[in-house]
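See the structures that follow.
Next come two complexes built around chain A: one with chain B, the other with chain C.
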Partner chain A sequence: MNTLTEKSKTDSLLARILDSDIFHSFIRSPVTVVSAIVTVVMIVAALSAPLISPHNPFDPATLNLMEGFTPPMVANEFTGNVYWFGTDAQGRDIFSAILYGSRVSLLVGFAAVGLAAVLGITLGLMSGYLGGWVDALIMRIADVQLSFPAILIALLIFGVFKGIIPPAMQDQMAIYVLILAIGLSDWVQYARTVRSSTMAEKNKEYVQAARVIGVPAPLILLRHILPNVMGPVLVIATIGLALAIILESTLSFLGVGVPPTQPSLGTLIRVGQDYLFSGEWWIVLFPGMTLLILALSVNLLGDWLRDALNPRLR
Partner chain B sequence: MNMPAQTPAPVPDAPLLLVEDLKCRFEVSKPFLNRVIEREPRRWLKAVDGVSFTIDRGETFALVGESGCGKSTVARLIVGLYEASDGRIVFDGRDLGQLQSEAERQRIRRRFQMIFQDPFASLNPRWRVERIIAEPIRVFGLLNDDAAIRARVGELLTQVGLSPADGRKFPHEFSGGQRQRICIARALANNPEFLVCDEPTSALDVSVQAQILNLMQDLQDELGLTYLFISHDLAVVRHMADRVGVMYLGRLVEVADSRTLFENPQHPYTRMLLATIPDIKMEGKRHEIVRGEVPNPITPPPGCTFHPRCPLVNDRCRSEAPHLLPTARGHLAACHAIEEGRQ
Partner chain C sequence: MLAFIIRRLLQSILVMLAVALVSFGLFRFIGDPIHNMVGQEATAAEREQLRQDLGLNDPVPLQFARFVGNALRGEFGLSYRMARPVTDVIMERLPATLELALISGIGALALGIALGVYTALRRDGWLSQFIMSASLIGVSLPIFLIGILLIYVFAVELQVLPAFGRGETVRIGWWTTGLLTESGLKSLIMPAITLGLYQLTLIMRLVRAEMLEVLRTDYIKFARARGLSDRAVHFGHALKNTLLPVITIAGLQIGSIIAFAIVTETVFQWPGVGLLFITAIQFVDIPVMAAYLVLIALIFVVINLIVDLLYFAVDPRLRVQRSGRGH
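Right, the complex of A and B next:
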């Protein structure tokens, strides 16, 4: 026993992680391991798209119109090139388009989750700690927002910004507006969760001990309460990432998201569905499958994390 | 600034802490909309209703009473966790309600500290022990050099009977008694003169309780600390306190030296409480049980709040609230029966 405790003290951070409960529960769930690998591979592939994609699908100089509508794994009748996932009407390689598309989807997803989390955590901490009319105000806004579907809020925010931003800027600003729209439509969950945890934490004696020595409220929130309410936030953020990616695709599918010059997975699906009934199924299928697999594996990760961090389910 | 009555210069004979007619009430009304619809008035809970006492330098003053009598609220009012609705708290000649600037408030805060009841909730679970203990040092800017802070934390850990190496650990690696030692080390970190101890041992095993109490007494002798000791455990109070105040429903009913109080309780409530202490000589006899229950503090009984449970009750007790008056035996007691000599 004694040697055991001494050993764990001298071990490195890596060894501590490998020995932790979380890691054990991770290794014991094959589904989680697979979804983690899939997620990591997809993120790495998206990040290194310029390096691994056969060509840049959005550089017109590399496109050959003769290669349009090449089915997957079939040699093109004019050039003899083989494309894994086929090509679209302009002879654009679907595989490359997916790699570049998932970059946009993931960027929007992560940024929107980050925005929603920062906003939600800040408002939730204030609401829970200050209570009174601040709490009432923030929570009533949250209630109102929660009574609309998230996509409606995102569409509304998108519409408002479209009215504000001059048309010439709209294409380059589209991605930021998208992030803002998704982020603002999704903060409520974070705020509610953080608020309830904050209300529980603020009455604990370690917070009172800090108040006795006159630690200012913002520092108490930041240093004492925030680290103790982050567990549930991590879970919501993971599941929220999948939702944000899907919401982005939905918006892009509806045509209000990123412009076709900078397509995301949703844009690719929208473009592809035009050809669905004329027999070119691969244009919509592969981006759709990518979205499905990405959202599913992130979701499974989130589910596992929720169970792993919940002491009652251990 | 005008300082009536008290001078800022410390007077050796003056009490370190003076509490005068302290009141604290909490609103327990229903939400506004329900109140309007159900036509109910706003309701208040008088947690502390006119408490006055003094604590001299170096002594241990204990507040005892059943749960819900307001003893913890008094502790929290003194350290500033709650705001008093009325009354004064004067610490070393300075009225805490009259402090003008935040800097001045910090200077006073530096001189007192608090030890909490639950050692499992009073340490931030995500902080290492050394960071927990160093927090008051950093907040009050007592030391600026990291190495000096670490040395001081090690010193504090040794002082409370732990090892300096324990500073690297997290709170969950310690037992309840060890955690309470960490809490004491944190409370000593800013060299306070006055410690408010809110039931510091009631969450601990009996064997560990004694260790913590002895540690607190040793530290008091060593550092000349003054304690306000809140407890419902009369045996612990008898062991620790120099003077004792007995609280009932937000009021002090009796104040006396520890020995005189335990040997010769005056107020009927104090007698009732003391009768509940198990006594080895009483073996085999049936215990006298505390009669009745504490009334609802939102709607306290009129007159003396103890009258529904009091064996010496008469009509005056039912209509007129008694004041804390000196008795023949040198106690302060709030009881018409004692004043009138009805025993």
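Right, the complex of A and C next:
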């Protein structure tokens, strides 16, 4: 123990991380370590999909119709090729499709969480710092939106954009609309949390001091208050990522998400569902399992982070 | 208490007006309503005439007032896609959704409370541990995956339950019910489980947490000291006081049941309003979207109101300090 504290005095960043409370609570929870590893592996695999996937599932030239409906781990009767997760109707390798699919799912998830966080933090800071009618207006909007489930809001936003964007551009715009719809449906939690911590912070001396020496309000918010309200935001964002991934897959499953030419995990499940009745279970099972494992590990990470950052539980 | 009710009523009306504004905005500004109503061959003069007749040239606030007036009478115009009054289409489909939501909601509540009490009382039993771990997966499992899994097991492999549709229905007045026929009941089982599972885990975890909290309090220790039976302590004293937060959550969950009904209805091709809404979005059928929105908002607002009033019935403390803490 003594050598550890000795080390941290050298102030190298790594040593400080290794000695922190967060790291200790992390390493003591095997479930969290496993879910962190799973999450990282899935993200890396998704990012490097073009490098590690056996073939590009959306390049028609690499598809062989003779290989359609090859069950997992069974040699194809015509070509003798073996596919880990089997193939779909067009002979597309399910494993490659999942790698490319999680890319889309994760991209939409991260982007939507980013959008929701930026929007929610900005509105929350304004609401908490300015007070008055700005606060009242933002919080009433938040109340109304919070009384409706996120999926309904996202569907509505999606419907609106479908009416505005010309049909020819809808497929290529779909992914951005999806990010916008999920992001806009999920900002309220950030805003509420940031607002209440801002209201507590703004009366502290360091903020008053900054105000006295004439630092403009936007700068006070960004430089002084924001760093002090980020803890809870991190927790909300982690759990929000799991929710965003599930919401994205749900919307894609409902057929209002990304187009089939650029499928996410939800789209793969939607397409695969049709083959369930003819006995090709692997087309829907493997994307479904991937989605479940991804959502579960991110959820577990979020749960742990919430407890670890909560000073009352230490 | 009266002041509280009036304030909540005013708030509800405000929310409804806000939703009406959104759905009016949808109707008025997304695409051209005229374009969707007349055929390709209509002349510019005919279009202008129709525009005039429908009052689309009037000032926007006046149009909004007319929209609200029509909505109050339950008129939302014609569906672009089906060319039938939106209200008729929705009324036709509403019983299917309400039956599904009601059955799965009641099931989730009953089972959730029972399992929650059980896992709280037998905290360290292996069955409780198992139920708690399983519930964690239930929270992360997207609802459509549950449905697909059920379909695969019970409809494809075992072939004991129908995979889609509502089965035979019986008409009672304008209400069609699937609860009176065998095929109707069979068709209801899987969608109800799919829809209720998430709510079940939520309610169960909540009841367990509340119950553990209450069992630690002094009045429970005192009740035990008085020599009351376990049964009287657990169910007469403890359970009663865990129900307040359960009512809140259960009330709010009715809203999410209706929202998730959209997903369940898509998986099982259940002919309810959720499926109607999804089709409306895909075809940009604005009047149906607008009407669905107002309907859902109305259900939400009414439920929230009932939940608030139930507080007074359940918690005597609120009746004494009347003013309440305000929401």
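To be clear about the criterion, the second predicted complex is superposed on the first by the 305 of 314 C-alpha atoms of A that agree within 3 Å, B and C clash if a C-alpha of one lies under 4 Å from a C-alpha of the other, contacts with A are read in each partner's own complex, and residues count from 1 in each chain.
We take it that a residue touches a chain if its C-beta (ideal position, glycine included) is under 8 Å from a C-beta of that chain, and two chains touch if they have at least 3 such contacts.
Worth saying up front: this structure is predicted, and the values here are computed from it rather than measured.
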Contacts of A:232 with chain B and chain C, given as first, second, both or neither: neither
Partner contacting more residues of chain A (chain B vs chain C): C
Touched partner set for A:242, first chain B, second chain C, both or neither: second
A:114 touches, of chain B and chain C: first, second, both or neither? neither
First, second, both or neither for A:224, with chain B first and chain C second: first
First, second, both or neither for A:250, with chain B first and chain C second: second
Overlap of chain C and chain B interfaces on chain A (superposed complexes): none
Of chain A, residues touching chain B in the complex: 9, 204-206, 208-215, 224, 227-228
Of chain B, residues touching chain A in the complex: 76, 79-81, 102, 105-106, 109, 113-114, 116-118, 121-126, 135-136, 139-140, 168, 183, 186, 190
Chain C-touching residues of chain A, taken from the complex the two chains share: 144, 147-149, 151-152, 155-156, 158-160, 162-164, 242, 246, 249-250, 253-256, 269, 273, 276-277, 279, 281, 284, 288, 291-292, 295-296, 299-300
Interfacial residue positions of chain C with respect to chain A in the complex: 15, 18-19, 22, 26, 30-31, 136-137, 139-145, 148-149, 151-152, 155-156, 163, 255-256, 259-260, 262-263, 266-267, 277-278, 280-282, 284, 286, 289, 293, 296-297, 300-301, 304
